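Heads up, the next two complexes both have subunit A, just with different partners, subunit B and then subunit C.
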Partner chain A sequence: MTGHFPLPYNTLVVAGGMAAVGCAAGVVGCLGVLRRRSLAADAASHATLVGVALALAATGRRELPVLLAGGLLTAIGSLVVLVMLRRFTRTREDAATAIVLGVSFGLGITLLSGMTARGIPGSAGLEQFLLGQTAALTAADAMLLGCLSVAAVTLVWVGLKEVVLVAFDAPFAAASGWPVFAIDTALVALLAVMVVVGLPAAGAVLVTALLVIPPSAARQWTDRVATMLVLSGAFGLTAALVGVAISAAVPRLATGPVMVLAAAAIFAASFFLAPKRGLWARWRQQRELQQEWSGAGREQTQAPAKATGEGGPWTP
Partner chain B sequence: MDTLNLLGGSAGMHLWAIATAAVVAAGCAVVGTLLVVRRMSLLGDAISHAVLPGIVVAVLLGGRPGGLWVLVGAVVAALLTVWLTQVLHEGVGMSEDAGAGVVFTTLFALGVVLITLAASRIDLDPSCVLYGILELVPFDTLLLGGVEVPRAFLTAGLVFLCLLGGVTLLWKELLASAFDPAAAAAAGLPVAGLTTGLLAATALATVAGFEAVGAILVVAMLVVPAAAAELLVHRLHLVMGVAIALGVLGGIVGYLAAWQFNTSAAGMIAVVLGIEYALAVLLAPGHGILARAWAAAGLAWRVACEDRLAVQWRAEEGGERAADATTVLTRLVCLWLRGSGRIAADGRLLPLGQTEAMLIVRSHRLWEAWLGRHAELPLDHLHPPAEWIEHHLGSEVRRRIAADVGQPAGDPHGRTIPPED
Partner chain C sequence: MSRPQPDSSPHCLEFHDVTVAYGRRPVLWNIDLTVDGPGLFGIIGPNGAGKSTLLKAALGLVPLAGGSVQFFGQPLGAVRTRVGYVPQRETVDWDFPVSVFDVVLMGTYARLGWFRRPGPRERELARDCLLRVGLADVANRQIGRLSGGQQQRVFLARALAQQADLYFLDEPMAGVDARSQEQIFAVLSALRAAGKLIVVVHHDLRSASEWFDRVALVDMRLIATGPAAEVLTPENLQRTYAGPLDVLDELGRAVARRERTP
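Coming up: the complex of A and B.
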């Protein structure tokens, strides 16, 4: 599978669709990271497996839209269970998240392997949803995923002001009369949709990474939400394309892990090189400050205050 | 995945697999209890994913799966995860969950890619990394005193004993740092060292369970039994004991159910643990959903009975007939009051009912008198709070209220306050 040009139509469409998915995951993921809902999305992504298996068992049709619709239902169901556990039990949030994640994944595995053992038609290759395999996608599937991604980005653009308000200061938003609960629910539902859209590319186990790593990388470069969204979308798009290309070139290599590693490389570069927040910039800043102090012969030799919180050095 | 049938009817093989599942679950429960109590469950999640590259690199360098070097590799990977998360959190101010999300997904992806690229050189399959191969555990054995013992069982058993020993030795320190790390540190306990030890222990438990149930289902074994135990009992040693019992039970029942339904044993164990947790949520004494519903229903019933007695008493006081019971609840209440000898067949109060009704009405009117004097509420605002609190005042409180408002004969509405007896 080395460069035979022109590339087949199917490969091109799949690459385009996955680029859209990566971009949308980066954009939507920003909101999840800012509102700290990333780990809830992780629990939901592990629960999609149950829905995928049940959808196949119920309809007998192995078509991507059917399977993903099932996945979306159980993803949302898992989030509802998570909210109920927090509301009605004394189990703390971290444990509740881990319980939903572990048990729903176990149920998914149980269903999948039970169906395979019974020889239910179409159940044999469903493991592609564990780690992602874009080579298995048809052009129609990729177009559907691409369209959903565009819709998700449009939704973010429409509701951006509200979500940013809630993400940064929920009590203030509530006091100003904004329906915080509804906005929060819409945000989490959008994350669940994005988890499902990303499922064929990155798989249930790693799809959260597409929602977490590009936004975290983008955060290093800017303090403005709009810039962060654009950068994160671009990072996600790049990672997705690299993932599709490399996994197509290397036999048996799943797409998800490669996408995640590409995103992680972008993150590492951002972590070291970003202006102001990057490690290199911080180190230089610190040295300049030290020289300034020692040059002026000040008695103060205290190191500059460490950066705290999300908002950079000067945010309280 | 038809692996359970591979074992055929050989009961010994199945027993070894069940024993391995049980020991793995017990080790995970010991560590999981400490993780859950210290609110570090998600670190357990992160570590269970992140040990993968450590294991793969150790195997690539010549370690045996389940051997010492693999354990070392896993511990190194776990500590690396925690250190990197810490760097992201403190160094560039990322939130802890996003930082952990970046680190563990990256390390896990690295592990999967390494496995795929080196597939010809190592005997690990990406799918068995995800959900283990408990069914194949009995085939990889060591000869120990003339008995063929599965290697995975030995590793898991050794890890369990080490963890149990460590926890017993450090019990006092762990207990102190579990509930109030700041106070424990101030008292001179090496809290940071204990935390590092706990993280290494998590890595050990994870890697012991890795072969049997895979990286992700280990999360269920770590967190679910401990969270369920925490709902059932309240002292740390009991929580740990119950968590171990629930984990072992889940391992055994899950394996048997998987055998019965011909499906993945690891997945089924997670499902059974989930059912145990759900039962704990429902049935836990005191805070369980059923216990709370029962207590709420009991209170509602008592209030309804007392209200009906008071209605009857007030009617008789004014020489009228009390309104008939209309709702289902009040009819049931009347039946019960009649059956228990509090009211007669025609609805009049019998002596027992009379005494109880008088106390309710006395509480009500005393409270109105108290509110009238101290809260300066208008007359028509006195009734609703009194209607609520009349069910919750005891004789001693009534005596003090009466003394406080000067033993009045009547309430602010001008009605007589009945005597205490």
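Coming up: the complex of A and C.
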């Protein structure tokens, strides 16, 4: 049946799966960005390597679901450590995040390289989890990742009202009876799952970029959460497909970096071109205002010269 | 308190021996306070006196080191939907991608419960609340593109959408233009006329006696409570603010004058 397609069946399935992963990363990432949990997700993603290595050592099976389950366990473990560090020591949030990220990543690299050096079966090529390599995926793996992505987007849709409420005004949410800590925990757990799902595509080091860059680009275009989710999903999907295509065409090119660069290109375009918030729009607005004010100045002699000084006219 | 209640109807708000500490540093000591509605009740005191903390302790946002707070004779958990809250404006990110209308709609979420989305009835209510605070014409604007006074009124509209019987407001007049202050005061007066109790943390002594029916003077401890004219005496203010402040002396004299010529 593959004869009908210009591309092999496996490549198509992998591309479809990764498109779903990129889209879900963009959607889930929006909530992480709005609730300011992106750095926690970054720490969790760096901690996945420990779990991947331990899962292989413990089971001896080099199967994607097994390795990712291990990665999810240590990702969540790192988040628990992060919460404890902040609660029981006086470490500030950014320092605590950096500590967890550095230590867990160091441990993961040590385990991986140690296992490769000792020639433990299946440990060769595990560095695909470092930078991402979609060419290594089977159709079944890609389908699993795609299904998990669909599930993650569904969960976002279900709990959107609650998460947006907490992200915008946590004290108000708590005062009106919402369990803020439980909602935050659910959100961070979902981020951890998304990090693990994106791991084969983008790798431990870069997967967070897929959770952060598309939402930041989407934010430039809109002032509504719903629109931001849709745009971010579309941007993530595009970046993922570009990454898959280019890394498939260029031998030995890791997928993660290409995906991130594609996302960055979208972000740069948004940053310059977006209406209202974009650099170009703001520059043009500024110029129109200046012309308007200087025109008014000529008509009314020199009176409004002072008024142009501070930020232009402002309507309450 | 000056107005005794029959035992059968519990007080709207009761603090029993409330003590709050941040770490080992106590910020509120043994607060015993009973407030009944309807009315506008002011919590007045200097910076760092623990006014906002008292409010947050009542709402369960900071843990009590001792004592208890009761609403309508019950713990907060049992009557959450009867309590509305307007936090300080600085607590949120005003660049957040939501519209004025979206924020007011958030006031209906607690009654909706888990996962249910606002329907036509909630939207109607939110529109009505925006109308009451005079912001119907900016309903679709992103919340960052409002003046400070308008932002404060958005928060007030969100609290109105909670349809509560008891409202807590944390410094609603701080950094707010005169027109918005008047509008906020008008909305609060209407709530009082509808039989609600409104508890307001307030820093400005000059306006306190004209806005509030009753006040509590707080400086880590409860200094005095009762009708505004009786509590805002030069002696009490001296005890609360403990320093020769011109404004206070002036206010004290003004209050004294008003007492002499009723």
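The definition used in the following text is that the second predicted complex is superposed on the first by the 292 of 316 C-alpha atoms of A that agree within 3 Å, B and C clash if a C-alpha of one lies under 4 Å from a C-alpha of the other, contacts with A are read in each partner's own complex, and residues count from 1 in each chain.
Keep this in mind: contacts are C-beta pairs under 8 Å (C-beta built on N, C-alpha and C of every residue); 3 or more make two chains touch, one makes a residue touch a chain.
Here the structure is a predicted model, which means the values were calculated and not measured.
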Should A:V225 be classified as contacting the first partner (subunit B), the second (subunit C), both, or neither?
-> second
When the two structures are laid over each other on chain A, which of subunit B and subunit C touches more residues of subunit A?
-> B
Have a look at where A:D94 lands relative to subunit B and subunit C in the superposition and call it first, second, both or neither.
-> first
What is the contact status of A:G177 with respect to subunit B (first) and subunit C (second): first, second, both, or neither?
-> second
Can A:A192 be said to touch subunit B (first), subunit C (second), both, or neither?
-> neither
Considering only touches as defined above, state whether A:L64 meets subunit B (first), subunit C (second), both or neither.
-> neither
Once the structures are superposed on A, label A:E162 by its partner contacts, choosing first (subunit B), second (subunit C), both or neither.
-> second
Applying the touch criterion given at the start, work out whether A:V212 contacts subunit B, subunit C, both or neither, answering first, second, both or neither.
-> first
Of the partners subunit B and subunit C, which touch A:S38 in the superposed model: first, second, both, neither?
-> first
Which partner does A:I109 reach: the first (subunit B), the second (subunit C), both, or neither?
-> first
Do subunit B and subunit C touch any of the same residues on subunit A, and if so, which?
-> 219
What part of subunit A is in contact with subunit B in the complex they form?
-> 33, 36, 38-39, 42, 46, 85, 88-92, 94-99, 101-103, 105-114, 116-118, 127, 130-131, 205-206, 208-209, 212-213, 215-216, 219-220, 250, 252-254, 256-258, 260-261, 264, 267, 271, 277, 279, 306-312
Within their complex, subunit C touches subunit A through residues 56, 59-61, 77, 80-81, 83, 85, 87, 91-93, 96-99, 102-103, 106, 109-110, 112, 114-115, 117, 142, 146-147, 149-150, 158, 162, 168, 177
Residue numbers on subunit A that touch subunit C, as the complex places them = 34, 158-159, 161-162, 164-165, 167-169, 171-172, 174-178, 219, 222-225, 228, 316
Within their complex, subunit B touches subunit A through residues 1-2, 36, 39-42, 44-45, 88, 90-95, 97-102, 105-106, 108-110, 112-113, 116-117, 119, 126-127, 130-131, 216-217, 219-224, 226-227, 230-231, 258, 261-264, 266-271, 273-274, 277, 281, 287, 289
